[in-house]
Amino acid sequence: MAVRSMFSFSRPSFPGVMLGLGYFFLYAPMLVLIAYSFNENKRVNVWSGFSTKWYGELLANDAMMAAVAMSLKLALATATLAVVFGTLAALMLTRLRRFPGRTLFGGMVTAPLVMPEVITGLSLLLLFVALADTIGWPANRGFVTIWIAHVTFCMAYATVVISARLREMDTSLEEAAMDLGANRIQTFFAITLPIIAPALVAGWLLAFTLSLDDLVIASFVAGPDSTTLPMIVFSSVRLGLSPEVNALATILIVTVTAVSLVGFWFMDRNDRKRQREMQAALAHPD
Amino acid sequence: MDDYVSIQGLTKRFDDVVAVHDVSLNIRQGEIFALLGSSGCGKSTLLRCLAGFEVPSDGRVLLDGEPLASSEPHERPVNMMFQSYALFPHMTVESNVAFGLKQDRLPKAELRERVDAMLELVQLTELRRRKPHQLSGGQQQRVALARSLVKRPKLLLLDEPMGALDRKLRSRMQFEVAAIIERLGVTCMMVTHDQDEAMTMADRIAIMDAGRIVQIGTPDEIYEQPNCRFSAEFIGSVNLFDGTVADDERDHVTITTDDLESSLYVGHGITGYEGMAVAFALRPEKLFIARENPGRLHNQAHGRVEEIGYLGSHSVYHVRLDRGKLIQVITLNNERWAADRLRWGDAVWVHWDDEAGVVLTS
Amino acid sequence: MNLLRRWLPDRRWGVIAPPFLWLSLFFVIPFALVFKISLSEMAIAQPPYVPLLEYLDGVLNVRLNFGNYTWLFDDPLYADAYLSSLGIAAWSTVICLAIGYPMAYAISKMRGSLQNLCLLLVVLPSWTSLLIRVYAWMGILKNDGIINNVLLAVGLIAEPLRLLNTTGAVYVGIVYAYLPFMVLPLYANLTRMDPRLLEAAADLGARPLTRFLRITLPLSVGGVIAGSMLVFIPAVGEFVVPELLGGNEATMIGKVLWGEFFANRDWPVASAVATLMLLVLILPILLFHRYQSRELEVAR
């Protein structure tokens, strides 16, 4: 009912109209981008016919493909470590009431969420330079330094996602496992981990996309030989529109959308099934 | 064994708040013992101390002669049924029940046998492959019970066992759960705020208030022989008369009170003295109500019916005595259509026997 | 004994230590370094600054150089950049709030699957690349971009409007990039609100607008703060949007810092710029932290 009145043309509500406009604002630019990626003309904004030739050019662009490989590797490694640290940090914040430095730690977890990227990037570069100066490591900046930088800001996001799940989880589940003879570590792996698994996946995906997207921080801490995908895209679009970037953007947008929608469909189906089963259980009492 | 579980001087402080204050009590082997109190009285904290989720600030607990206080929850021979049941949502009924035994690394065959037997006992064999969300409330409760019993704990803890059930199912499950526990002979401590639940299920009850034990006794002792005003008022309804001891003999006592014209006569002696301030507690169902003057020397009063609550099996009358005190009287409705039923505003006499009430000295 | 146990290292340190040490090393200490280097002098060297502490003939020399800061205060370019950054970030936050609040409100009133789907559609753009989404606007706002093409074709204008490389374009880009971060906390807040509160208010005679102003809005203040800070703070230091959409017209401080670092290779001045930016942002960050820690931690 509420839904219908929101979308019906007879009586559109103000929030409903704003929502529609908001979606238009968010998606129209991306749709334009996708449309132009199939433009045959080298001048992006002048339509001269349908073509997929820019996808071919993109795949033939070795520098671009190398950057794609580098960024994917980086995002994989970043997301994995960020989820491990994020889980530990989320456990601390939700399960330990007091420990020395709790307030400071809370600040360290939330600050990276909002910290302007130029500051994070500059400060990490200065750290790496100082470390190289004093202990000789890292001798060269590259994959590892970008990875460390990305883990640092991505783990904050992973922590937020995971602790939200941990906070709403019934702590008596963990107590029940311990009561039945499992120690803390066994309890974590047998009970907590399976229950928060969806949040771990969500946190991992979020960290993956953040790492894949980052331009500013990587630019600061990268060495001369390490170029990530955003860096190469940036240097290209700085000079103006590029049909290859349009093709790349389309691939990215379509992939993210497809993965999200499939994930949504899958979870929604599970939810509905669960609802039905719960109702069935209540309908036939004992 | 009378002191199979022995709690000695247990105290639990949270920062400045004393949740459990110097509690000592013993639980017999095979007994169902209930901690009864309103929310925030410290009963759950006491239970969590026994399970090992809270570390007592002071005092100790002996279980079958062994001190319990220092060991971790997973090392204790104590199992708990949680108020929310805490069934593992990602495991089947069977895996939930088997979880505790798996932690003990039991041989496969024995594990299977014990799980089967336990599922049989709680009549869940058919539903063993279901997940918790596919079960009704009562079925979930039986899984939780089976899971906490399958390890054969020396002490079973029940936290508000019926708290998550609706009223109708509750009264049935009270008997069922108690029957299963008694069949296995497990010693059990339960925590509840529901007096019906405590009285139905428990062999003995401890009433708790503000972190302290107020009274310990069997359900009928607690009901018929409350040791203080708090117990008397906490369990059931009661009419209390404040007065002073006028005559303190070995075999009887008389009490004068401003609420009654005649004095109160109690048919047994008390440990007190003349002039002592006491309260006299009288349960509503111990009173008789009539239109005619019963003609007693003591233990009667005249008044007027102010309210009538018809509850099917019995009726509750609120009677305003001539001196202004409002009392409750309960009568059984043992005739279907009584011809001479009392009405609002009727003048009545209430009276009671010499042994009907209890003198409270605190 | 309890006190001892509380402070001595125990098994919990297995959980505490790794993230704690990581963040201390890679998040907290670097800020100290930024501050330190903001006090040193630029040099043509590798790294391009003069060390603060130096042993010369067995004497420890400490050279503090506040020149970078006086430089920042003397040159109006920096002050302008700070002010325009704060202004652009603040107005972008207001615009995001004006668009995002009704969106979050509409989604929070939906049910079940539709609600989740609509929320997903808001968040989804932020999972694709920011760089690419800002780039999309370049194509739209250019002189031969889609907007100008349409307006020319319709005949509303005779020659292309200058849309790209304006402050307006920067606003569009920032609002576009950060809108999801405004909607998300607002939605989380609004969806938790008990609908019976509004029913009770209606029952007591409050009209829809009154219900919104007196019940919904005050109860959603936490979400408004969180969303606003999530937009405002990073927007102040934003680099990609002003670089790609602002041209020379909008100088934002993030762009200045980038220029000092990469073009001028003046690390000390870049550090001073960062230190001052952090100083300006410390209050908003604390405000955000206060809200966020309530969200993160144990329900008490």
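As written, the chains take the letters A, B and C, and residue 1 is the first residue of each chain.
Note that contacts are C-beta pairs under 8 Å (C-beta built on N, C-alpha and C of every residue); 3 or more make two chains touch, one makes a residue touch a chain.
Bear in mind the structure is a predicted one, so any value in this text is a computation, not a measurement.
Contact topology of the protein chains: linear, an open path with no closing contact. Of all chain pairs, the one joined by the greatest number of contacting C-beta pairs is A-C. Centre-to-centre spacing of chain A and chain C amounts to 17 Å, using the average Cα coordinate of each chain.
With centres defined as mean CA coordinates, chain B is found 54 Å away from chain A.
Mean C-alpha position of chain B lies 58 Å from that of chain C.
Considering their complex, residues 2-3, 6, 13-16, 18-19, 21-23, 25-27, 29-30, 32-33, 36, 43-46, 84-86, 88-101, 105-120, 122-124, 126-127, 129-130, 133, 148-149, 151-152, 155, 159-160, 163-164, 167, 184, 205-206, 209, 212-213, 215-216, 219-220, 230, 233-234, 237-238, 240-241, 245, 248-249, 252-253, 256-257, 260-261, 264, 267-268, 271-272 of chain A touch chain C. Note for the complex: chain A touches chain B at residues 170, 172-173, 175-183, 186-187, 190-191, 194-195, 274, 277-278, 280-282, 284-286. The touching residues of chain C, when paired with chain A in their complex, are 6-7, 11-12, 15-16, 18-20, 22-31, 33-34, 37, 47, 99-100, 102-103, 105-107, 109-111, 113-114, 116-118, 120-122, 124-125, 127-133, 135-140, 142, 144-146, 149, 176, 179-180, 183, 229-230, 233-234, 236-240, 243-244, 254, 257-258, 261-262, 267, 270-271, 274, 277-278, 281, 284-285, 288-289, 292-293, 295-299.
Interface residues of chain B facing chain A in the complex, by the touch rule stated above, are 51-53, 72-76, 78-80, 82-84, 86, 88-90, 99-100, 103-104, 131, 133-139, 147-148, 151, 169.
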